[in-house]
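My questions all concern the structure below.
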Amino acid sequence: MSGSNKKILLEQVADYVKDGDRVWTGGWTVVRKPMAMVYEVIKKRKKNLHLVGNPGGPETDLLIGAGCVIKTETNYIGHEVFGHPYNFRRKMEDEKHQGELFHDDWTVATGALRIMAGAMNIPFIPTRSLKGSDIINPSLDGFQALRGSDDKVPKKKVVLMEDPFWEGDTVALIPALKPDVCLIHAQEAGDDGTVSITGGAFLDYYAAVASGITIVSAERIVPREALEQTAESNVIPGEVVNAVLEVPNGAHPTALHRFYDNDPWWFKEYLEASKDEQRMEEWLEKWVYSMDHFSDYLEKIGFKRLQKLRANPVYGYNPDIKRRLDKLGGVT
Amino acid sequence: MNVEEQAPDKTGKNKTSYSQLEMMVIASSRLLEDQERVLVGTGLPLVGAGLAKKTHAKDMVVIMEAVAFDSNPQSLPFCVADARAVYKTRWVPTAAEVMGHFLQGGRIDVGYLGGAQVDQYGNLNSTCIGDYYSPTKRFEGSGGASDIAALAKKTIIIMAHEKKRFVETVDYITSTGWKCRSYDGKSLVYRWELGLDGGPFAVVSTMGVMKFDANTHKMYVDYYYADLGVTLGEIINATGFDIDTSRAKPMEPPTLLELELLRTKVDPEGIYMKY
Amino acid sequence: MSGSNKKILLEQVADYVKDGDRVWTGGWTVVRKPMAMVYEVIKKRKKNLHLVGNPGGPETDLLIGAGCVIKTETNYIGHEVFGHPYNFRRKMEDEKHQGELFHDDWTVATGALRIMAGAMNIPFIPTRSLKGSDIINPSLDGFQALRGSDDKVPKKKVVLMEDPFWEGDTVALIPALKPDVCLIHAQEAGDDGTVSITGGAFLDYYAAVASGITIVSAERIVPREALEQTAESNVIPGEVVNAVLEVPNGAHPTALHRFYDNDPWWFKEYLEASKDEQRMEEWLEKWVYSMDHFSDYLEKIGFKRLQKLRANPVYGYNPDIKRRLDKLGGVT
Amino acid sequence: MNVEEQAPDKTGKNKTSYSQLEMMVIASSRLLEDQERVLVGTGLPLVGAGLAKKTHAKDMVVIMEAVAFDSNPQSLPFCVADARAVYKTRWVPTAAEVMGHFLQGGRIDVGYLGGAQVDQYGNLNSTCIGDYYSPTKRFEGSGGASDIAALAKKTIIIMAHEKKRFVETVDYITSTGWKCRSYDGKSLVYRWELGLDGGPFAVVSTMGVMKFDANTHKMYVDYYYADLGVTLGEIINATGFDIDTSRAKPMEPPTLLELELLRTKVDPEGIYMKY
């Protein structure tokens, strides 16, 4: 794969995502999430997705709210200090949505270990975590009904085992994560798929290697030769990347180190809308379904607002941005 | 959590009003020690850690699960993956290293956590209220809290003091306290029976600082915010289980420096403090 | 540990290495080996070391030849194309040395996985490798006599297990590597222990985290602030480094990316000497025991020769150096 | 291995002499295909891979276990950790990624290996001759060879053709061929019985190119270096087990370009080729 030019268009992204796929979304909660690609997946009305990104942020709540998701397998779904994941909550709490979403609870350490095991192509990995927690309580297993019948789900959540090599401690064996598709947004990628990320790669390298297909959107697609200059800090080799696309502001409204900060106005509007099913539907119509292209979405966000979000390249973030939603003014 | 009362002029140094929320953050920050490696959860721990770094614990090593090791933020991070946590660091790890290597390797001195519910043994719930399969309230989930509670050398918990939060038994043990879930899910066992070290060191609330009895491992009141007018009776009323108050001492009020740093340097916008 | 200045002198290195310790030497075969520190350990006549570096190069053959080693647990001991590890061979082949060296054979993938497991503090890790090889033949286990009695050695070499989570494949569980001491040479380290390495970090990060004590020598010790500029590519955090020392040419005669290439003259002389026990002893006297300090060793190597080895910083190596020992001329 | 003979002037294009060593390296390099991901062992495979990249397989992805992914060395690396392997690459992995992720993940098309002994099933020995506990000859050890033979989609082996090297059963199975060690160490089993994919594709020697019968999985002669005067009888004599020569074809001699590139660009100093 490494010799070819892998550029695709945003409109083609959904061709790589099949209904029912296990999908890893890169980044971390409200940072560097592949939002443009997620909007595209929503627009194409993908169904029965099985989200395995660890942790999940607005992209996860959005995909759930848009009805694209039947399974989530993660340590966290939320918007950090901005507010709560109302679409996820509704699916879990409301009588009328019972059975629409299977959710399997994990942790940050085990999410990391599971995707590392996936990258290593080993079926499981031991951990010293989880002991004593209801996360491994056999009677509280969100995927219980699926184990053994759904081949995208491991047959067991955990197996306890005594260490036969050293002191005999009991450790928990946990299954590898095996995403079908991995969506990542980065600052820069080569046309060969090589990915450069700063400000934290999170688990994206492991996910890219563990996944059947990996798509990377980036602020800039550059000739591959340019990335020879930064070889020591490039984080994902082109070999595991199937396609790349250039999408400036492609992580909006989440933050991208050196490029832009979180968009508090987006979170404020989204959080209000997502509290209610009808308003969520209107929000999706307004910001996703009605948009011909992501550039129309950005046009609607507006130049002034995007300017307000710009990061100071020395700091990596925007030191002047207001982040408190309850006292947030308009874009001036 | 926006109580603001006039601080009684006892010591002469606190001629200003401060809130229970502020006292909570300050009291928890005082429990952090210089040189300690502290794994800081999202939310108020970010504020308390920032304050400690600016007061008595300048060489405390601030660690965040997503991305930061020995972080010295110039501006309050609003989550543990924020670019503010990465600025001026010398290493940019991932959760694989922070959680998979450092935490699991026993290299974390203190886990500093929030939560939605805590019980008498310091078990934390950040998963759901009610039945797991049809909860009345579903939360964001563990994040790294479960790992940190299991694997740090000790944990400090920070949480508003309300009867619905301080419960006899949490609805779901996300993060292990002193007496936690057995492997078969059917009973509670002491954490050391499962081979877990560490354990909750303190629960710092909007009313006081609770610790755990060395023999029973049940929560007791160590300090209460007398200066703010909090009484032991109020603590008992706001606690959903019997709590020993016999060892309670009044908490030293905030210093002017602590308050000033908190308000003007650590969280000047009030992102978490909601001024 | 992170606040303090960790500088020590080369003379202090051996204080950190106890007789009987499991020692990891960083680098890879004939590249970036911590040679100055190894010479120091030899000079201080350390005994019964248990070498766990994967793979081993001249430092391993040297330590064996100097009588410092009783156990080796690695995938390779040798000098690559330069020649064979005669000290290691002699211990294994000669009747009169029977029982002086216990050697446990492993592989590159499992060496990597074992030290990763050590860094993760998990007692073992699964692998898909090793199946069908004599490396896991229960009757060909170089540590058989030690298992169960020597607590520096895992009780078993391997445990085969069926995957209970996915397709039921048989995988081999292999024990974590747990070095007591880790010796690494790098291009640059901060006085706080932060380590910057280019040209390949190999497994040194994992080893530094997995080890009880880690000592890093570097071409340059710099103020810690200088390493904030390269945070994304720094490979080892100061937190896991107990001491640092500045030793220019500290990896000689092995190669150091951007600084110097392998010294073919050294390998030629060493290989000749190491073929014979008596000549090996003379070599040790000449190049190690009689040297007051590593700078005396470098003085003896000579300025002209060190100049000949210098890497071109653009290439990272020396494009003009001759590497064929049988046609090697003198230093001109 | 320094045989130099005048190449018979059959095709008109080989009016030069070349050695069996050169033919071996060239023959093995011809088996590598463009676009393939080739994990290259130390020694002669470095030369063969370098030649393939300069002739028919410019976009072959050269991978080295210690440090290199998609390597395009301008000068011959003398080991798989050499700075020459890192120059002009776009990613600098470690063995954790190359071996732990890519090889173990089934992403390597070809493993290209040397060895000290090979047997009729393509098992390789790079560990020792004689008894494991008191060997007559102890070698450097597996390095990554054992992993590569177990996990690559196929392996290409390059080795001098001598009776002591081509043996019926290797003294120690370092790297698995078609019929390898059972878990209890007591018998030989087919590799697929252990769940191993892949397997040896060819053994390229100083006399010819051997492959493995699709049914018996035993080695047979596919090509022999007739142009260098090698006869099938010589191959039989230099092989320590019965070898089928009935399918043997004469090997196409080196082209002038192959020889020129090998001698002047790939290993001009003769580090491996020992000119």
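So that you can tell them apart, the chains are marked A, B, C and D in the order they are listed, and the count of residues begins at 1 in each.
Everything that follows uses one rule, which is that a contact is a pair of C-beta atoms (placed from the backbone, for glycine too) under 8 Å apart; a residue touches a chain by one contact, two chains touch by 3 or more.
On a predicted model such as this, the values are computed, not experimentally measured, just so you know.
Trainee: Counting only Cα atoms for the centres, state how far chain B is from chain C in Å.
Mentor: Comparing mean C-alpha positions, chain C is 43 Å from chain B.
Trainee: So how far apart, in whole Å, are chain A and chain C when each is placed at the average of its C-alpha atoms?
Mentor: Chain centres of chain A and chain C, defined by C-alpha means, are spaced 39 Å apart.
Trainee: Quick one: report the Å distance separating chain A from chain B, using the average Cα coordinate of each chain.
Mentor: Result: the chain centres lie 28 Å from each other.
Trainee: On chain D, where are the residues touching two or more other chains?
Mentor: Residues 86, 92, 100, 104.
Trainee: Among the residues of chain C, which ones contact at least 2 other chains?
Mentor: In chain C, residues 113, 120-122, 127-128, 169, 198, 232 touch at least two other chains, as defined above.
Trainee: Line, ring, star, complete or other: which describes how these chains touch one another?
Mentor: Graph shape here is other: it fits none of the named patterns.
Trainee: Who touches whom among the chains?
Mentor: Touch list across chains, by label: A-B, A-C, A-D, B-C, C-D.
Trainee: Using the touch rule from the top, collect the residues of chain B that touch chain C in their complex.
Mentor: 35, 37, 59, 61, 69-70, 86, 88-93, 97, 100-102, 104-107
Trainee: Which chain A residues qualify as touching chain C in the complex?
Mentor: Contacts found on chain A: 113, 120-128, 154-156, 159, 163-167, 169, 171, 173, 175-176, 178, 198, 232-233.
Trainee: Taking the touch rule as given, give the residues of chain C at its contact with chain D in the complex, in rising order.
Mentor: Listed in rising order, the residues of chain C that touch chain D are 27-32, 55, 74-78, 80-82, 84-85, 88-89, 92-93, 95, 98, 105-113, 116, 127-140, 142, 160, 169-170, 198-203, 205-206, 255, 257-258, 261-262, 311, 315-317, 319, 322-324, 326-327.
Trainee: Spell out the part of chain A that touches chain D in their complex, as residue ranges.
Mentor: 2-3, 119-122, 190, 192, 194, 209, 224, 227-228, 231-232, 234, 236-240
Trainee: Mind pulling up the chain B residues that touch chain A in the complex?
Mentor: 42-43, 65-67, 74-75, 78-84, 86-87, 92, 94-96, 99-100, 103-104, 127-128, 132-138, 140-147, 150-151, 172-176, 180-181, 183-185, 189, 191, 194-196, 269-272, 274
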